[in-house]
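Next come two complexes built around subunit A: one with subunit B, the other with subunit C.
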Partner chain A sequence: MKILVFVKQVADTEARITITNNGRSLEVENKYALNFFDEFAIEEALRIKERLKDVEVVVCSYGPKRSIEALRTAIAMGADRAVLIDSKDLDTDDPLITAKILSGFAKGDGFDMILCGKQAIDDENATIGPMVAEMLHIPHVGLVTKIETPEGGEVRVDRDIEGGRQTVKVKLPCLLIVQKGINEPRVPLITGVMKAMKANIPVLDPATYGIDVNSCTKEEAKVKVVRYESPGGRPPVKFIEGATAEEKAKRLIKVLKEEARVL
Partner chain B sequence: MAKDIFVFIEGKDEGVRKSSIELLSKAKGITKNHNSTTYGILIGPKSEEMVDTVRPYPDKLIVVRGDGLDEYRWDTYTPILERLIKTYRPFLFLGPSTITGKDLFPRLAARLGAAYISDATGIEFEGEEALVKKAMFGGKIISWMGINEKDCALVTFRPNSFSIDRPSGMAEVIEEMGDGKSEEAITVLETKKTMEKKVDLQEADFIICGGRGMKGPEQFGIIEEIASLMEGRVGASRAVVDAKWRDYEDQIGKSGKTVSPKLYIGCGVSGALHHTMGMDTSKVIVAINKDPNAPIFQYADYGIVDDLFDVLPALKEELKKLKEQAG
Partner chain C sequence: MDFQLTEAQDFFKKTVADTIDRLILPKADEIDEKDEFPWNLWREFSRLGYLGLRYPEEIGGMNADKVMCMIFYEEIARGSVGFAQSVIMNILMGTYFLYRFGSDAIKERCLFPAMRGEKIATMCFTEDQSGSDLGATRTTFVRDGSGWRINGTKMWITNGPICDFCTVLATSDPTKGLKGLNFLLVEKGTPGFSSGQVINKLGCRGTVTGELIFDNVWVPEENLLGEELDKGVFYLGEVLDEVRLMTGAMALGIARAAYDEALEFARKRIAFGKPIGVNQLIREKFAEMDTLMNAARLMVYYGAWMLENNMESRIIAAEAKMYATEVCLKVVDELTRIYGANAFAHEYKPQRFFRDARFLLYGGGTHEVLKDFIGRTIIGKL
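Entry: the complex of A and B
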């Protein structure tokens, strides 16, 4: 069995992000990490491998060269191999293009199951899973919180639905979108880190596996950022004064009613 | 192309999700300016009440009926929506950024090969061009996205992005038939509804959030009481969820939910970046913390520096009085 995991390298939560070029571009401090939700996807693939033994875990990312570091983290955790699809200057705001490139890779490389995290914490799109599944004509299941060992060409999973939880059975091949709570991602051991440092991670050009790159250019993007803004910061906090807690509570209600008008 | 807008109407329990009504209000404001039509799209309504609740808001309401359509599934809803979009050719299809919206819209966008923007918080027009507002990097950056699409573009919006206008009519209802037969690839084995009837955290207008300063699970009683008094919801910081004082579904922040209620009250929450990422688009933020230097005060509109165990009972009494006055 072959499990493909799609991951993204993203700016760390702590990274400083500055708007430059009159709102037309962003400068991200050089602090990147493997996307938080993707760690759960890698971990889950590894756990299936540990149970089923005869499983290959392949991790793939579409992104700039620096993303290789995120792929090394995946190898250090225990993935069998990793592949980077170089986005070069094609880097896009349009998730359809990313999905097209990833699904093209999946088609060429082959898979029984695809895992990905529920959303990237940089663009916060949460779009790639269902898009890739649609392009590959396979079923997807979102917000998965438990994956049982695949058996007889099927897998049972639990997932969150609106106001509840559901257990479903899905035929393979399928795409599962995992979220926090499904597992505790392992911290790579030193031997894993050593292996990752030496690992050969091929860098692919999408054109080499049959993607029509002309349809993936910035001009072809159907959505693009026109400008960036900083969020309008709030005015400084107004502390509600009073001799006692009761008095403060009373005054708070008054300002919420009369000044903020939210009550 | 006529600038008609489709709005996906999402059900909740036996009723209609508030964010769908918000979107209808917003869409109608846009189509009024373009002399075009706002369509509500309601698939497999569970009750006729649902139809009646929605009808005052759009210009027209398309109701799709068919066996098996009462529960959302992407494999049944996607082909129906694909057909409707190709028939009516709206220029925008709006939906709520809920579990359902996030599952359905990207799948549909890929099927149509259509432009898609997810989790937006606003939309404005510069001439003919729609610009969609979206928070990135946990709210550290706002981006305005342009749409380069001749056909229908899809956008999902966070609940509470728009206010609801007073309805002004009664939409004509267009009945359509749909096929509710699902693909065999996915079989539902069991469904457990855990929080029926309660307003969703992401849709709540009022959230009172407890942090580690609450000291223990038994202390959340008063927060529960305030939340139910205000018809809102209880939220929690990760510290509280990790300590198992509250369930994960209450967690607000980077690894929990993103909320933007009208009023957020944080009690004993320090205001770590991972937490504020999930709530800093709230309209009004109140923080109660005994430490005047707690970072949450950098995000709050109003602050009370005091012991929360003294403040909360008084706050509850004041809110009760307010509710009684309002009758």
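Entry: the complex of A and C
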């Protein structure tokens, strides 16, 4: 069995991000990390591998060369191999293009199951998984919180729904989008770190997989970022003064009614 | 000149940092407050394999170069010095002489389990009347049948009260000074070997530090670790530079933790209607701290690079240990000034850094002794 995991390298949550170019671009401090939700996907693939034994876990990312570091993290965790598809000449804001490229890779490399995190924590699009599944004409299940061991060409998964949980059976090949809570991603063992340090991670051109590069250019992008804005500052904290608790409570109710208008 | 970490070293640094952030940082305050050896964390951490960091892959180690070792020492000290001391004792001083001179049986019984975290190692140098002055060691050993008989008491032993084995510095003749020093392995359960007073320390809490007593302890011939009798001081020289650079790297770790805390505070703390980071006197502190930390970092990693490349590193190692520790003390002090009165409260982090940093003054040689050594080595015999 072969499991593909799609991952993205994103700005670290502690990285300082500045809006530049009159609101049109972002300047990110040089601190990057493997996307939070993708770690769950890698971990889940590794757990299936540990249960079924004869499983190859391949991790793929479409991004700039620095993304190799995120792929090394995946190998340190236990993935068998990793591939980077270089976004050098094609980098756009359009997730459709990323989905085209990743689905092209999946077609070329082959798979029985694709796992990905529910969204990237930088652009928060949450669209790659469903789009890749559609392009590959395979079923997908979103917000997965449990994946049972695949058996007889299908897999049972649990997913969160409003107010409860749903169990579904899905035929392989399929794409599963996992979310927080499905597992606790492992801390890499030193043996994994050593393997990752030495791993030769191929950096490929999208054309390698027969992807129609002409349809993936900036000009072809259907979504373009117009401007960025930082969130407004938090309103100041207001202290309710008063001689007695009763007086403070009265004033608080007045503020909640007249200023906050929540009562 | 190339000052850049290799891609592998850079990846190692980020992975170690992430591991420390996830496993150790969240427990650092608790380790300090409880001042008990964190057994659960020890088991969890040792499972990852870092305890074999500096030993060859053939025996289950990682064969990390000296720069990577410094990266590890710096990062783990950034997380918790209390925990770092115990870990580094197993990685470096507590196992070095077993790796270097131990028989196959000793390695099987002590070294390999220590690399897996199944046994706790330590090294005993200090006594109540000698620390940096190793020539004044009073713990003795004499030939007794097919082995050696050891008598003496060691003090300030990291991991001492919980160790499974220790490498003891003992003299064949107290009148010989440095020329009578030797290392012997003593294992837990050996008659006459016991643990005495546990020291209630100001900082580095969580590491259990105390007294070890050797009362007529007999060990077999093979427990004398070294090819020749009375060459202990030369064997010590093989690892002393690494120990000193390691102490410098730990100082960098604490300094970084303190600096990050100060930076976050300076950006967020509002005084007189604006973040205190906009005030020139606060900015000056960051300029000063950053400059000092960069200088200290260059010294520690330059020393590690020299050591890795078999270059003479005695002076740079001593200087780096001394300078990085002094920088650490300065950075921690500045943090307590930037932080204001809360730095004095146990519920905030600065007081822990303040206490922990002090301990680095003593390990690897006091700065007074190091300065004398550096000066003496530079000037030479007159």
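Operating definition for what follows: the second predicted complex is superposed on the first by the 254 of 263 C-alpha atoms of A that agree within 3 Å, B and C clash if a C-alpha of one lies under 4 Å from a C-alpha of the other, contacts with A are read in each partner's own complex, and residues count from 1 in each chain.
Note that in this section a residue touches a chain if its C-beta (ideal position, glycine included) is under 8 Å from a C-beta of that chain, and two chains touch if they have at least 3 such contacts.
Please read these numbers as outputs of a predicted model, since none were measured by experiment.
For subunit A, the partner with contacts to more residues, out of subunit B and subunit C, is B. In the superposed pair of complexes, A:193 makes contact with subunit C only, with no contact to subunit B.
By the touch criterion defined above, A:73 lies against subunit C but remains apart from subunit B after alignment on the C-alpha atoms of chain A. With both structures placed on the common chain, the touch criterion links A:19 to subunit B but leaves subunit C unconnected.
When the two complexes are overlaid on their common chain A, residue A:163 makes contact with subunit B while staying clear of subunit C.
For the contact definition in use here, the subunit B contact set and the subunit C contact set of subunit A share no residue. Residues of subunit C that touch subunit A in their complex: 8, 10-12, 14-15, 18-19, 22-23, 47-50, 52-53, 57, 62. Residues 12-13, 72, 74-75, 78, 98-100, 102-104, 106-107, 109-111, 113-119, 131-132, 134-149, 153, 183-196, 198, 200, 248, 254-255, 262-263, 273-274, 277, 280-281, 283-287, 292, 297-307, 310-311, 314-315, 317-319, 322 of subunit B are the ones touching subunit A in the complex. Within the complex formed with subunit C, the subunit A residues making contact are 33, 69, 72-73, 76, 187-191, 193-194, 196-198.
Partner subunit B is touched in their complex by these residues of subunit A: 11, 13-14, 17, 19, 26, 36, 93-96, 99, 121-135, 138-143, 156, 160-171, 174, 180-181, 221-231, 234-235, 237-240, 244-246, 248-250, 252-253, 255-257, 260, 262-263.
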